[in-house]
Amino acid sequence: MSAIVLAENLGRWYGEVVGLGDLSVEFEPGITGLVGPNGAGKSTFMKLMVGELRPARGRLTVLGETPFGNRALHRHLGFCPQQDALYEHQTGRQFVRDLLRLGGWSRREADGLAVRALERVGLEDAMDRKVNGYSKGMRQRTRLAQAIAHGPKLVIADEPLTGLDPIARRQTNELFRGLAEDGCSVIISSHVLHEVENLTETMVLIHRGRLLAQGSVREVRRLISRHPSRVDLVARNPRRLATALLPLDHIRTIKLGADPGTLTVETDDIAAFHSAFAGVAAAAGAGVSGFKSDDASLEAVFDYLVG
Amino acid sequence: MKATTHTEVYRRFDGELRERPLRSVTLAWSGIRVGFKKKLPMLLLFLIPGIFTIVTSFMVQLKFEAEAGTISGMAGMEPSAQTMAMGALLSSQIGQVESLIFDLITNMQFFVVLSMGWYGSGLIAEDRKLRANLLYFARPLSRYTYTAGKLMTVMFWGAWAVVAPVTIVCSVASLASPEWSFLTERWDTILKLELYAVLWVFFHGILVLAISSLTDRRNRALGGLFIFYFLTLAGSNAMAELMSGQGWRLLSIPNNFKRVFDSLLGQTSPGIGWNLESSLWVLGLLTLASAATLARQTRKLEVGS
Amino acid sequence: MNLITELPRATWLIFRMHLAATAVSRRALAGILFAAIPPLFAFLALNIGGDGDMGERVFMYLGVLVLLQVVAPALGVFLGIGAIADETEARTITYPFTRPIPRASVFLGRWLASLLVLSVLLLASGAGVAAITMRASSPPSPEAVQGLVGATLLAGVLYSLGAAVIGVIFKRGQVIALGYAFAFEVMLANIPGSAQKLSLQFYLRSLFVGDDGANWRSLEIFEPSKFLDASASSERLMVTAAILLAIGCITVTRKQFVLSS
Amino acid sequence: MTPNAPDGTPGSASTTEVAGEPEPIVRLQGLRKSFGNVHALRGLDMELPPGPVGLLGPNGAGKTTLIGLLLGLLEPTEGTAIVAGLQPTNRSARIEISKRVGYMPESDCLLPGMTAVEIVSALAKLTGLSRQDAITRSHEVLDYVELDEARYRTLDGYSTGMKQRLKLAQALVHDPEFLLLDEPTNGLDPAGRRHMLSLVEDLGRNQNKNVLLCSHLLPDVERTCDNVVVLVKGQAILQGSIAELTAAESRRLRVGTEGNASRLLTALEAASYDVSTDESGALIITLPQSVEDADEICGIAAREQVDLSSIDPVRSTLEEVFLKAVDDSEKKTETASV
């Protein structure tokens, strides 16, 4: 599959401050989560991708084009910036419509597309009100509407879920899934990992301006071998379960928890543990009622890598 | 000794919370400290008044020397009639110390207005933009204290540029005058000069703040201040030229201050023929309008909108 | 689509968007207030206490001292500075810059919209002063009126364009533009000598002083001065404007705007 | 708990206790607030239990107005608001309230150009601390939020996380008994978020602060708070303990697999289990009356050679509880309007 975004040794500084150090990464079509701690360079990377900034070193192509001031690319690109800025005197509908018109649509076409996009983000009731009366979440969704209204091939959204209430967040996630189903690629950045995780398996993790990991959370987890995985178990008879687990050669530690009936296991090979567990538990008859490996979550992976 | 451990992470505070009278000074001081970190306006604020102050001090020194007839008093030379005459001429040319000081303030007023505007126009506008008012008014702090603090901040910068030079020139005059006569005989003049400087700074400070409170962009506040200042100035000059009626001169802020100065120090200047009350009315009304604007705008800040 | 056809279209769209915004802004309201002052003064000068016999004098004084020297530069800076600086400060510049339009069109469109508002204000102000003073006895000559109003409009073009370019290049552009227009210009223009030729005011004044500077001499508070002839000075102003325009467009196209987060 | 506290009672500034029943820090009765035609709060009844409480609500539910009322900045149109035993109807009561409430706003609100110590100590002095107290106390709270050497630098180079911690520090500087935290984890990365939450948790659970935590991130609330209030359209539609609201269902299990879920589903159905799948592809299994644990499920999985990745009692998350409450209240208003 061809890459939609290709960065080679990409770097960008602000004076002495490094925004992005030396990043080489490829994005494939579909939804990709761009994650990393504060100051990792996510926003700088996104600004480079949409052509707001020029790389200080290295090469960057988006949909096969260099982004800075590239009109042909901007036709297929939608960008939802992080900053909470809109043209305050306009209504949501005017805002999206006027920006669409810059893309070459007639007034009527642009209005139709704007209304459709605003409906898609759930602002159909508010779109004829001035944006300065909008709540934070509505403003966020207005920004999103202008990013998707022109039917782009690639939508880049910088922290699109920040400040949204759970209802709006659920709608926004559905919107992204819908876009992906229509064949549009989506790159979203986020600090709130469990939300990206709900949305997509594919992650690009950057830290200190460099690529730290990419791929699905599960795969990345498998690649990290220096940390054993931790599994929490609940059983009626934990000691019997512990005894049954001990012969497995990838088990490193078994610890009985402070709460009665709990057991924590550390294993070097989580996949082997998963495949062996059902059989061992059934044979032991220890009354298993809970089994969970926290480490599979994105947040855990993130911590290992960044930590 | 009884063994204890002190491992708590969070410490309680049992001290007293009192409404201290000088909280506006605290507010002002933090504003001033931020101001000290801005380099360019700082240069404007210190360099230009500095140059003017040095020049004026020199003139004052020269004047006193001329009066004493020691202008060319080389060592061992008797002051001849010629040098005496020259001294008298110079002395009359240089003019009164008061007018020297007035000219000092007049000459640098645009720079001072610019730098006061530069510092002051952001004081309330930026609080509005960042919603810093939420931090202030969630505390036992009234908008009056808040306004007073902000006013002190902007007046501090004005004071540096106006009150300090006046003080320096007066000190030079006292030193240069024979046997401290300037200080001992004309101390009331010094007081009046200082009073005038403080009034000048207060008036411009409250004007800057009022304009700052009207917008949440410091640039707009600064632009508004400039347009207001120059339009009234140019308008009043043009109108006064056109019509012999002196009333038009009242439109300009510097003219009114000139009038106040003349009354305060018992001088008369050419081209100023109106009475003091009119000028006080104009300045008073402007001050009142500024204060009313501030009261209204800070009320909005207080309720957190 | 190539740049030649794209630029005017995008400029037109940006122009319309920004015009709608400027026309209803508080800035424009403040502009109307300021622009209303010269006609108001003219009316007062002729009707209150005036002897009605000095239409020309009133026109020249208000036209030069207030309209050309204060209102035009002030409104020019006030409205022009925002062409790009407003959008970078509000951090909305991202939106037009991520659209398939030439970047220069953002600068051009927004400046032209500001210029239109500014020209309407200045024209109304100048025409107001002219209309009031023409009705008085000894009215100003039509040539002087044409020259001065023309000079005011040209002043609007140059000051707003200059401010717009400064706003593109510098972060604290407004202070620089105000400092230039009110401290530097005023000083240069009113001190006799060839330093005058560095100020815009010199060329603007050349447009209406008349053949031998007769109109200028009626302003007694100014020093008499030697001026260029009108066509030569307007030529130089045009060239200046063209250079500023080019600088603005090129800078906008090339510059990366780093927005504070 | 502070192990060496000189006596067991909370600090001198605490609320009056009536016969062992602590007076709630906030008591709202029929609270209404309107701005012209806009009704921000429409009859709000609420009592904040002690300890950390989460305040949830969609955007525009009236949270900002409620905060303004709790801080004593706004006056109610109707009804009463009692904060720390005081009604913010006159100036002296408002001042008294503001001394006992610490507020961490959502907006950025910190002026650039100052250092953290300067900001916190200036705000401390404005709250009424003496100069000596203000400096000592500023360093104490900055220590608490772990803003170390950076406290002597100006804000310009601060990250979001540092700014948020600084905002928390200034809210704590006068050691208030009631803390209003508005979106404290906004914009934080996982490490920063965990740190902030641990601070909030410590304040609410160990330091006996009454914390009102407003957040859109429900896992944050779930982690740090005991109780929750859901505000929708100016009314509290749900109040209660989080533990009760999200109680686990002991008879239903959520079983995650590494692929082959459908094979396991078929096998379990054959063994007369009641099975369905949820949106993430995991199986939701209802245990029959005779079965107490998942051993049999494990046995079936082992036989079918399906790798299991998790077994968990079905537990509704706070997010689900919240969304359901909001949906219900919307339905109610719809039927009411019809």
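Think of it as A, B, C and D in the order they're written, each chain with its own count starting at 1.
One rule holds for everything that comes next: a contact is a pair of C-beta atoms (placed from the backbone, for glycine too) under 8 Å apart; a residue touches a chain by one contact, two chains touch by 3 or more.
Treat the numbers as computed from the prediction; the structure is a model and nothing was measured.
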Maximum centroid distance from subunit C, chain identifier (CA atoms): D
Of A-C and B-D, pair with higher C-beta contact tally: B-D
Distance from the mean Cα position of subunit C to that of subunit A, given in whole angstrom: 50
Subunit A-subunit B separation of Cα centroids, rounded to whole Å: 55
Chain contact graph, described as a line, ring, star, complete graph or other shape: ring
Chain-chain contacts as defined at top: A-C, A-D, B-C, B-D
Subunit C residues within the subunit B interface of the complex: 26-27, 30, 34, 37, 41, 44-45, 49-50, 54, 57-58, 61-62, 65-66, 69-71, 74-75, 77-78, 81, 85, 89, 172, 174-175, 178-179, 182-183, 220-221
Parts of subunit A lying in touch with subunit D, wherever the complex brings them together: 36-40, 135-138, 159, 162-170, 191-194, 235-236, 271, 274-275, 277-279, 281-282, 284-293, 296, 299, 302-303, 306-307
For the subunit D and subunit A complex, residues of the former touching the latter: 56-60, 159-161, 183, 186-193, 216-219, 253, 258, 292-296, 298-299, 301-302, 306-313, 319, 322-323, 326
Complex contacts: residues of subunit B adjacent to subunit D: 4-20, 23, 26-27, 29-30, 33-34, 37-38, 126-127, 130-132, 134-142, 302-304
Contact footprint of subunit A on subunit C as seen in their complex: 1, 6, 10, 13-14, 17, 20-21, 24-25, 90-92, 94-103, 253, 256-259, 261
